[in-house]
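Presented sequentially are two complexes of subunit A, the first with subunit B as partner and the second with subunit C.
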Partner chain A sequence: MAIEVEMATTKVPEVRDITRIERIGAHSHIRGLGLDDALEPRQVSQGMVGQLASRRAAGVILEMIKDGHIAGRAVLIAGQPGTGKTAIAMGIAQSLGPDTPFTALAGSEIFSLEMSKTEALSQAFRKAIGVRIKEETEIIEGEVVEIQIDRPATGTGAKVGKLTLKTTEMETVYDLGNKMIDSLSKEKVQAGDVITIDKATGKISKLGRSFTRARDYDAMGAQTQFVQCPEGELQKRKEVVHTVSLHEIDVINSRTQGFLALFSGDTGEIKSEVREQINAKVCEWREEGKAEIIPGVLFIDEVHMLDMECFSFLNRALESDLSPVLIMATNRGITRIRGTNYQSPHGIPIDLLDRLLIIATSPYTEKETRQILKIRCEEEDVELSEEAHTVLTRIGMETSLRYAIQLISTAGLVCRKRKGTEVQVEDIKRVYSLFLDEARSSQYMKEYQDSFLFNETQTGQMDTS
Partner chain B sequence: MDGESKRVLEYLTEVEVAAEDVLTTKQQIVDLDTKRNRNREALNSLKNEVSDSEKVKVCFGSVFIKFSKLKTMEMIQKDQKQLDMEINNLRKGLKAKVNRLNEMQGKPELRGYNLSPLSSDEIKAINGLLKK
Partner chain C sequence: MAEEYDLKTDELIVRKWRNKSTLGAQGTWQVEVGEPLAGPVTSSDSEVIKENCSNPVFMRKDTKTSFQWRIRNLPYPKDVFSVSVEPSERCIIIKTSNKKYYKKFTVVDLDRSQLPLDGSALSFTHANNTLIVSYKKPKEILTLEQELMKELKKLKGTGDGDVDCKTQ
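After this line comes the complex of A and B, so read on.
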């Protein structure tokens, strides 16, 4: 028994490494636009393959966004399905870095019962504009060497005390008043703690215990954090730069909402007066040098799903002086504008189309398809034999790239089931027979449509606009 | 030594000088803060432990001179003001120096470095956002 106890105390707690398990998305392999310093696209880089012309165009736009030159402009990425429109947008987002706000939404997301379309759009617009502000505080930061508190013998009356703080460079004694003693005992500060005292408010916060005192006690709570003894001067000035989005400022100032609104995600509608007030305040801050405005990027995928009202709202919103760069993507040709009977290229009204910079994407060649499939295999951790790769590339060329990508993970599963390490042609054949591609599926429909239910819509061209 | 390596050496020297400059300023701030804290301790003990009529010995370099308490306090307070100002100036200069060093090393400029801070009221108003 005694030995067991000793074992338990000397046993170092096992450090378990928690690796974050991320789900693999369709574009998770994109790390950037794959351009070199001269903005020339590399054939294969950062997960991007081919589409050299459109990537180069996107690179030019990216540089302009970074320099802040093209706030309030709009870009349209147009191309057939499966030609990498979303990939280019993701690439732009990745290369902008974490500091530039990037908001992505799909065209159909704005249709909801709780919020009007224009409200959803203006919230998206304001989420894509960042405001950089700075907070500055004078603090006293140091490791507590000693606290000495004298309580009067009578039990009542003012307490007095002394607090000794040190950094690696210096040490000093502070006389304590009643208030400070109270907050020190409230925070349970003791010798060996590293604390900060906010000079303006007198607020004390504990950062943790000093490493040099790590062996003071044998048993310590798991929540005890050890920190280094602070360096430099005791009385420091701390400057913190925050980046918040305009939408976040809107939300906390929209008075009908509690402060919980930000967490529940359901913000409801924000009054336009609140927005105007915020705009005025932010502009005032900018004039005073207190804030920088970072126009970010708003990406609307499947933009043909927007209707006429949304398009006219976009027209107007792009003219506001607090406007982000708008990137849209569509796979439609000449089609009806939603909500009207008029036909227009890309399903976008001509007047809006006129304001756009249009980037076109073109179908991938066989070689590029091969490379994309290879990248996806690496991303999904599937090993592919040379022949299987060739077969898959053929499938990708003849059906669609998306279908071929779907086959990768399914073939990987089949391969693992037969305890193989490398996906062979048979695995591909098997999943090819298990899952139909679009062409074979419609072929099947044509042959057997009489045996399906509700087959009266014989001329049934799907109305997608 | 050919021109190329000479230029590299020159560049490296320049960077080192700039870095040394930053370090010296930092050390200077630490030294001044030490002095400021010692002065503060002196003021406290003068206030609490010495009666008004008493005279105290003040050390100037290597000699001790007897001074009245009030006069001493006045002197130290003046010194404190001077120290505060100097530290502030050094801090301002430090920013420019760090910027210059970053520029020489080809590092990107720190974001939001030149912003003036929000007032405490404004910070309080958007505190909910910052504490995320």
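After this line comes the complex of A and C, so read on.
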């Protein structure tokens, strides 16, 4: 049974806004590279602190990416742990904006049982190349006459809705799905609005209010625009421009056709013939002026996790003119190249290193550390007293920046539990004694090694390279 | 493109097209002549938006001598409708004086043979909530269809019942 709820113009029931709850990540305070128009780095800006030389270098790379003419350049960001390598990469991603593809992956992500290493790398490369192309879509454009939404009496279950739209010439009733009902109430669409709906995706955009409703002065903001009621047919075909990645085109064209598509779940490996065909097609589109290629950025973090095969694949892949700008980051010094017994700087073969532009990051000074901790406190919404801030900076300098950052929210919690408003030195001391940092933990291990399990196997160090 | 003919009367029952989208995805069937396809309703369909079943349904169904379009679910008197030819845009326009229905469509067969649209060949009737618009086929189209029919007669139809499907 369903209760019918007629919605009056002014009484649109407020639906809980479906907004994504943003969580605070390690680099969520980064909003850009913090450079001015002349690419000069500001000391503290957009969440970035210090690392002036490397930020400036990243800014030059950024200009090159925005320019879009140079293909297949590779950049290595090298530096000690906790010196802002990933932050710089995130800064680049943020400054590029949503239109340029930015694909980030960690070096260990490519090792999968379902896919070969090189396939995973190829896919990542192709995800980082965007194609701007025109496509025809069907849209519905009209003035809303009536919205009617039926809710089940039990309060749960599927809602059913009807939407009546009109133009100057005709009127049509549409059935609404659940998703449409939600987005209609989110957009606060009401009778008298002129809207367009993308028929395939269901995306709604409000064009304004109809002139015929100009007399209703209720519920109207200053920015309300009045538009004419559309003419002619409700459904129209319209050309829209959107960006897809080469990988998405690959997937569309490699799906098994017909009913067999039901049984082959994920895409898996894509045949190289399909890729070649698509490359040819995209080049053709570009020559005809139908499409535009937007080379993006592929960021590989912890690049020392890649092995010899991957590096030689990268050597080759960078030579293609359809390759993105590759940014890698590593915190290793001279170490063994994975998959060989040879030692090399950063664990990367010399021939690949030779193709790279290397940006080095250096450890933060005390002043910078203090500044970063301040930014993180704001980001994590923790108030710190002046003394506690100094103590935390000392901890950051003596142990590591990451450890100090971790203490912020834990100290904040301890402070809240004792009903304080500002984190004091006491709270910092408390969490400092509760949680060990890496150095103290190692010290502890050395002292009590004998009482741990399996302590007789003391041969060699852990092999991480 | 796929066409279906009645084996006894030689009438065209269905003509439909399927094109690939710009990016290479397989499109859905576009019915030019015959009943619109009513596929099984999947769960993803109900997610978005579609026309209510009480709306007018537009379809084309030809006879031997004329192109014919039927619009069902139009419960208005005949004098509400006006059907006219727009030679500049090469299309036929159906209007209603009560502003309930409006449709602009082209005669694809005429476009393909690049023949002009003639207002005098157009007529319409209304009965049983259905508006029927007829456009007399010109001579050129009739001869073309006769030739096509001759070609089609040479083809051997499959026997009755289900067609053998090769198992995978």
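We adopt the following convention: the second predicted complex is superposed on the first by the 327 of 465 C-alpha atoms of A that agree within 3 Å, B and C clash if a C-alpha of one lies under 4 Å from a C-alpha of the other, contacts with A are read in each partner's own complex, and residues count from 1 in each chain.
Here, contacts are C-beta pairs under 8 Å (C-beta built on N, C-alpha and C of every residue); 3 or more make two chains touch, one makes a residue touch a chain.
Because the structure is a prediction, the values reported are computed rather than measured.
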Contacts of A:237 with subunit B and subunit C, given as first, second, both or neither: first
Contacts of A:199 with subunit B and subunit C, given as first, second, both or neither: second
Subunit B versus subunit C as contact partner of A:133, first or second or both or neither: both
Touching partner for A:440 - first (subunit B), second (subunit C), both, neither: neither
Partner chain in contact with A:166 - subunit B first, subunit C second, else both or neither: second
Partner chain(s) touched by A:249 [first = subunit B, second = subunit C, both, neither]: both
Which of subunit B and subunit C A:117 touches, first, second, both or neither: neither
Touching partner for A:336 - first (subunit B), second (subunit C), both, neither: neither
Partner chain(s) touched by A:177 [first = subunit B, second = subunit C, both, neither]: second
Touching both subunit B and subunit C, residues of subunit A: 133-136, 169-170, 172-173, 175, 232-233, 244, 248-249, 252-253
Touching residues (chain side subunit C, partner subunit A) in the complex: 21-26, 45-55, 95-96, 99-104, 168
Complex interface listing, subunit A residues touching subunit C: 133-136, 140, 158, 162-163, 166-180, 197, 199, 201-202, 232-233, 244, 248-249, 252-253, 257, 260, 278, 281
Touching residues (chain side subunit B, partner subunit A) in the complex: 26, 29-30, 32-34, 36-38, 40-41, 44, 48, 91, 111-118, 120, 122-123, 125-126, 128-130
Partner subunit B, residues of subunit A touching it in the complex: 99, 132-136, 169-170, 172-173, 175, 200, 232-235, 237, 239-244, 248-249, 252-253, 259, 262, 285, 288-292
